[in-house]
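Both complexes below contain chain A, partnered by chain B and then by chain C.
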Partner chain A sequence: MTTLPSSTQKKLGLVIDLDTCVGCHACVISCKGWNTENYGAPLSDQEAYGANPSGTFLNRVHSYEVQPLATSDKVQPAAQLFHFPKSCLHCEDAPCVTVCPTGASYKRVEDGIVLVNESDCIGCGLCAWACPYGAREMDAKEGVMKKCTLCVDRIYNDNLPEEDRQPACVRTCPAGARHFGDFADPDSAVSRLTAERGGVDLMPEQGTKPVNKYLPPRPKDQLDSAEHIDILAPYLEPVADTPKGFIGWLDKALEKI
Partner chain B sequence: MLHKQPDLDLSPHVSDEVRKTTCYMCACRCGINVHMKGGKVAYIEGNRDHPVNKGVLCAKGSAGIMQHNAPSRLRAPLKRVGPRGSGEFEEISWDEALEMAVGWLAPLRAEAPEKLAFFTGRDQSQSFTSFWAQNFGTPNYAAHGGFCSVNMAAAGIYTMGGAFWEFGQPDWDHTKLFMLFGVAEDHDSNPIKMGLGKIKARGARVIGVNPIRSGYNAIADDWVGITPGTDGLFILSLVHVLMKAGKIDLDYLARYTNAPVLVNSDPKSPEHGLLMRDSDGKPLVIDRNTGKLAAFDTPGVRPDLHATHRAAGITHRPVMHLMAERYLDEQYAPEAVAGRCGIPASRIRAIASEIARVAFDEAIELDREWTDFRGETHKTMTGRPVSFHAMRGISAHSNGFQTCRALHVLQILLGTVEVPGGFRFKPPYPKPVSAHPKPHCKVTPGKPLDGPHLGYVSGPDDLCLKDDGSPARIDKAYTWDNPMSAHGLMHMVISNAHAGDPYKIDTLFMYMANMSWNSSMNTGGVMEMLTDTDENGDYVIPRIIYSDAYSSEMVAYADLILPDTTYLERHDCISLLDRPICEADAAADAIRWPVVEPNRDVRGFQSVLCDLGARLNLPGFTTADGGQKYADYADYITNHERKPGIGPLAGWRMGENGLTDGRGSPNEAQLDAYIENGGFFASHIPENAAYYKPWNTAYQEWAVGMGLFDSPQSYIFDLYAEPLRRFQLAAEGHGTRQPPDHLRERIKTTLDPLPIWYAPFEDAHVDPVEFPIHALTQRPMAMYHSWGSQNAWLRQLHGHNPLYLPTKLFNAHGFVDGDWAQVTSAHGSITVPVAHMAALNENTVWTWNAIGKRKGAWALDTDAPEATKGFLLNHLIHELLPPKGDGLRWANSDPVTGQAAWFDLRVKLQKVPPPDQSHPVLEPITSPVGTGPDTLAWKVGT
Partner chain C sequence: MHPAPSVIIFSTLSGLGFGLLFWLGLGLPSVTGGTAFAFFTIAYLLAVGGLIASTFHLGHPERALKAFTQWRSSWLSREAWASVVALLVMALFGAGVVFAGARWGLVGVAGAVLSMAVVFTTSMIYAQMRTVPRWKTPLTPALFLAVSLAGGALLAGQIVLAMTLLPVAGVIQVAWWVRGDTALAQSGTTLGTATQLPGTVRAFEPPHTGTNYLLREFVYVVGRKHALKLRIISLGLGYILPILVLLLPFSHVAAALAVLSHIAGVATSRWLFFAEAEHVVGLYYGKRAA
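After this line comes the complex of A and B, so read on.
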């Protein structure tokens, strides 16, 4: 069993905006591309052109439908669909690390990133069982555990321009729904965004203290609520009821411009 | 174990070199950085400097490495050796392939050029392919717009001189209310997502109007789950409510639109409904200063929306009067439309009032002085920050043209086009209808066609009819059936060629068009037409040449295959002459270039056309001494001039004093300059020219300087579209060119010069009680047509396409997940897996488009889920509507443009025991490339 560091200097992670994520999977494939070519073994695919294609992904997007309950105001509220990207949350109390029998899983002291040292990984899979988020994937070809590295090979990489030193998923996100930064710094952009938008932990009851945060979706389908309609009704006060009346109004209105 | 950290190399080698080119994983044309290692493609990311995507990249773009290396790539030219449709081929040399093509085409050109039908699908080189077809001399050329979104394009151009998508965009930086109608999630892929992100970041409201709440609609603040085909009715109801409340921009309407232009209002006049014009042909208005007639563009004129004019016994009324009469009618009241639209009247009013509030209470002023085309200087730029966007969802209906027009009329009434916070054109738009070419169809054996094939008609005189009144084109574009078919009708080519109606052809030549599968209505019927033989045993369509990079379903149906390269192996230009990559603030174009050389015996299709053009002695492709004029497409891109000084690319041309942009001579180093600049060129529009472009003298001067126009082209928006009225007049019996009698009533009804709504045609041909359910497809963000699901990474995201059913239907039929349904239309029946989706219009079912694959295609295993459980709705949709007893077969198309009415489809459902695979089951085709490997672990570096 492996020890976690007592504290980390930074808490690097992601804040993901569920109000903005359109579920396009750009982050999923950008991650697949970068991490197939870079850190550790490539992310392999089995039956790539066959009946049951299945491959290793460090980041996946799931979609959930929500059917709001009827209220007196809304008898038949419309169902809603949410897209939920999920990758390793780089937990402060990462159960995937403490469960590791070889020390291959570890949390970095400098920045809190949780990684797998593939040369020490025996592919036992305990960490994947321990992770309550299902964020680790065993590579079927290599037999080692793969997980989000927060692009540790990008974020400090002197061979990349400064502006590109961020995870591939953040750099590529077309809707700007993913943000990367240091949650240990209360003034960082990600800390402020989380505070402003009421960012939340995923499954806090698990006690893992995830570093990654999620910004909740804003309330939907409010435009025809009773409150809005009261405000908006005066905007539709008729100027005329007939074409003739309208043409008369036109003449008067034109005098004013 | 104690905590231990290995030493990590935090700065690993990223790549040997970054080559910057243009993505082609969809039609979005983003800039990409292709990271190379050891001469191989290692990683693809977005180009931060690029005007389209500014660094971001979608799933398709990032999966380009799998597309480029796909096992389905064709490897060499192929000659059919088995029967058509079998997929049996033998590889031949390029010389043999090209000589075979010349042997077929040269006699046609000499005797009857129209016997070649050359149609391109998802082609991004239409200005080039059309130039080739024009040189060949056939009138039978078009690309895929007719089955895509021509309603959107044509309605935009006929109403406001430009359209959505790549020709315009919402003002993402200033808009406060954004309303999105029916957009495929892969269209304008990254810009829309980036724009939504910007809007969301500042908390502005997004309203999504779509029967399906997925993707963009999932994040909309308010979702309007409209009944398919009723968008026009909903929009006209918004118009009704806003006009009635006086919430329209009268100043804008008077200055910049034809609302004040006078219309002949005497029903007995042969010019009834035409605009009053002066001797120069300029539309006339009443000047509010003088009360007298004046040309609309007279300096100092204050066009009057109210006054009428009587001359020679005829009353002329401003367009605004006609609009008041039309749209204040109670037939457009929210209560009158709510049931048909599936939107409560209170909700329609709430949306209308929010539009009014934002447009008029939250108007913005930009501190930018500008001068209009009448010479008046304005201290600021006023903006009404309501913006709209729409695409195929509203246009792929038989009422699509009028629906798209209705949306543009709504935008214009609010004064939100070309203003801050509204909708903005991208160069070369805005461009008036009059600045577009007209269609040409005059054939002379051995000579080029008399002009460009496609264009914008202004009345019956411009139709493509032969002297005997029969259609000049094989697709019957620009005929009374669909007079304003600006993009042709690719979806009718095969059925017309098979029927020999209006005439027989000899060779069908197609590029990137999967007509025997997802790009055709009536897929099964098309396969039969392609393989049908006459009484002599000869194929009814005698010869088929096809070019594609991949082993698509269509390959099996061709006699000769010209294998194309992947997008990373080719030259391309994304040109201002065609569909450029401009932004509202910049003119921009781009190239592709071979960042890797092909490792197969394949050639870029456009380079092949340069070669074939020379072998056929086409004048545009041959030098004075008979040699090949353009060695390849790169040579054409560099050296072709459409007119003196104007070529395919606008950047780094050669001026009198060195390099210049826009107008200039060819520059041999031009492509190198593009590569050096990251694969694109952009020229920014000055700040004082950035809005009010159709009327802004600073913009007009800039556009002339860029070579977009030869002279300023200011114009006013056509709320009232006079070209439509000219067709109505003909249908009423006026003029010498007359429609056939059976079309008169339809033309009178549907070619209305002011937007109208009518029920989709299928509703009148199919019993809505028997077929009560609307059936739609949409494309996922991570897939582009059929290309996506051969991609090893993307097919793991979208390898299955169940038919999604709303809660009401799912429960009513007693379905549970895993069940199958037989889905039946008036035309056909399919049996498919179903799934429940709650966030869906309660009378609509849908599936992802083109996930289904034919066994043997795309190098997939024959037991791939795409080939066993995947399916196409295309089997349910016919290119003709069912007979209705009048002895005629009416096209399943828009009566104005001929756009394929995919989304008019009505079906019924029945629960059936699960079969072992989707129906219809088609025989496998022999794969000319085998199947892909089992395991992938794609790392090119060490």
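After this line comes the complex of A and C, so read on.
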């Protein structure tokens, strides 16, 4: 059924910390690995070793350059670089679900995960058109829509050790920039993290009410202010003010010309 | 947005076919027997041919029947229902006028209304997309309906109606373009809202060196530099030339020329409809000027 549930018992999703992400793309690779070998059609590649390689990914890491706005303290703040992992945000008001003509796309009442039933998908692509985040990709080999499942085949999987029962991207992140949990529970780690760090929605004006939250980068150390430079500056003073010996004679001789 | 040929063919031909069915349902022209058979054949070839063409872009066309299940939420599903019901009702009406020489007026009117319902549902598939600000306007259904009614009148040989509706459709088309050119900027969605990063954000590096489905499907840019020329061609072929031909003394050759010119113009406009659609996902890739 492609009508959305009015509420879900849990709201499972991710917190992505833009302050911590180092842009290593490990989440991209582990996601591709797990989701190629497990639930649903594999994530295919086209011309993987050819001139024009492309493939299906459920998680991609963009990089953005930011010029912070000038303030009275910092007239010319230093430009910064941020890595920006993006996967399905499992929106509460998911526009991708309601447009689906076949019922292949649905949002689960029990945990809020947005999934695609691949055997019902006709590959019309309308859900990908409806998603503002680019979270859905049509697999070129299988002709069905692929998207993040929040590793639904890991998080409830009793055959895995308990520490592995979280999405592959979260499990693999070496920087601890991704966190998984239930946003419906105000005391969960992800809810508290979001509250403490002021987690935000992407494109709130699109009205999708994303479950996944992004933690904005914290202010950086102010290396461009004078007091920080002073610590080492005395040691960088020139040792010899005036050259001596042959160089000194040469210097004076050249000055006179 | 990548303009899939099958979708352009579908929306152009089906729109025209259902437009013709609308006027046939209202008895304009009031034909029976062989003439009616010819009119209905053309209308069904266009409408059904377009519908079949639309299945060519599906990843799994063999599952197309499943698209009838989600009419509660999906405009695409509603379009599937509307088209089948409209074609069945008009087939009943058509059988009456062709074989029985009987005009069941109420059935015709119902079929006419349903034919426009098909065009409306088609237009709403696009008009509902908040992700494409250029499409998300009541002008989109107005444009699709006006073009269908004008083209249908032209094909039905209703000179006065066509002379009235073609300029109306042309004006709506121009208004749609003018509004659309500032729609993304007006929508308020920017790379800033997309990333929520503080300050002035600029795309530094895309996720992969190669292309991907999103870039192919939603960040289509080829041909935009000729957009203005294509708009002029579309207006000229779709509306101005057919009107000029209609002003000449009637002949079947001239009428056929007017229809073909109109189809070429509308197809060009539909190509632009997709090629110029700026999907907000392009922001993440630094491909939108906004």
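Please note the rule applied: the second predicted complex is superposed on the first by the 212 of 257 C-alpha atoms of A that agree within 3 Å, B and C clash if a C-alpha of one lies under 4 Å from a C-alpha of the other, contacts with A are read in each partner's own complex, and residues count from 1 in each chain.
Here, contacts are C-beta pairs under 8 Å (C-beta built on N, C-alpha and C of every residue); 3 or more make two chains touch, one makes a residue touch a chain.
All values reported here derive from a predicted model rather than from experimental measurement.
**Q** Which holds for A:L81: it touches chain B only (first), chain C only (second), both, or neither?
**A** In the superposition, A:L81 contacts both chain B and chain C.
**Q** Should A:V28 be classified as contacting the first partner (chain B), the second (chain C), both, or neither?
**A** both
**Q** In the overlaid three-chain picture, which partner chain does A:S54 touch, first (chain B) or second (chain C), both, or neither?
**A** both
**Q** After superposition on the shared chain, which partner residues are touched by A:L150: those of chain B (first), chain C (second), both, or neither?
**A** A:L150 sits against neither chain B nor chain C.
**Q** Who does A:D19 touch here: chain B (first), chain C (second), both, or neither?
**A** First partner only, chain B.
**Q** For A:Q67, decide between first (touching chain B), second (touching chain C), both and neither.
**A** Touch partners of A:Q67: chain B and chain C.
**Q** Contact-wise, after the overlay, does A:T102 reach chain B, chain C, both or neither (first, second, both, neither)?
**A** A:T102 contacts both chain B and chain C.
**Q** Between chain C and chain B, which one touches more residues of chain A when both complexes sit on the common chain A?
**A** Comparing chain B with chain C, the partner touching more chain A residues is B.
**Q** So in the superposed three-chain picture, is A:G207 touching just chain B, just chain C, both, or none of them (first/second/both/neither)?
**A** After superposing on A, A:G207 lies in contact with chain C but is clear of chain B.
**Q** Should A:C121 be classified as contacting the first partner (chain B), the second (chain C), both, or neither?
**A** In the superposed model, A:C121 contacts chain C only, not chain B.
**Q** What part of chain A is shared between its chain B contacts and its chain C contacts?
**A** Dual-contact residues (chain A): 1-4, 25, 28, 52-55, 57, 63, 65, 67, 80-82, 100-103, 120, 142, 217.
**Q** Per the contact definition, I'd like the list of chain B residues that touch chain A in the complex.
**A** Checking each residue of chain B against chain A gives 1-6, 8-14, 35, 37, 42-46, 48, 53, 55-63, 65, 71, 185, 189-190, 193-194, 196-198, 200-201, 203, 205, 207, 213-216, 218-223, 225, 241, 243-247, 250-251, 254, 288, 304-306, 320-321, 324-325, 328, 344, 346-347, 349-354, 356-357, 781-782, 790, 792-797, 799, 807, 837-840, 859-861, 863-865, 868, 931-941.
**Q** Which part of chain A faces chain C closely enough to touch in the complex?
**A** 1-4, 18, 25, 28, 52-57, 60-69, 77, 80-82, 84, 86, 95, 97-104, 120-126, 128-134, 137-138, 140, 142-145, 200-207, 214, 216-217
**Q** What residues of chain C sit close enough to touch chain A in their complex?
**A** 1, 57-61, 63-64, 66-70, 72-77, 80, 125, 128-132, 187-189, 191, 193-208, 210-214, 217-218, 279-281, 284-285
**Q** Which chain A residues qualify as touching chain B in the complex?
**A** 1-5, 17, 19-26, 28-30, 32-34, 36-38, 41-55, 57, 63, 65, 67, 78-83, 100-103, 106-109, 115, 117, 119-120, 141-142, 152-153, 156-160, 163, 168, 171-177, 217-218, 220-224, 228-229, 232-233, 235-243, 246-247, 249-251, 253-254, 257
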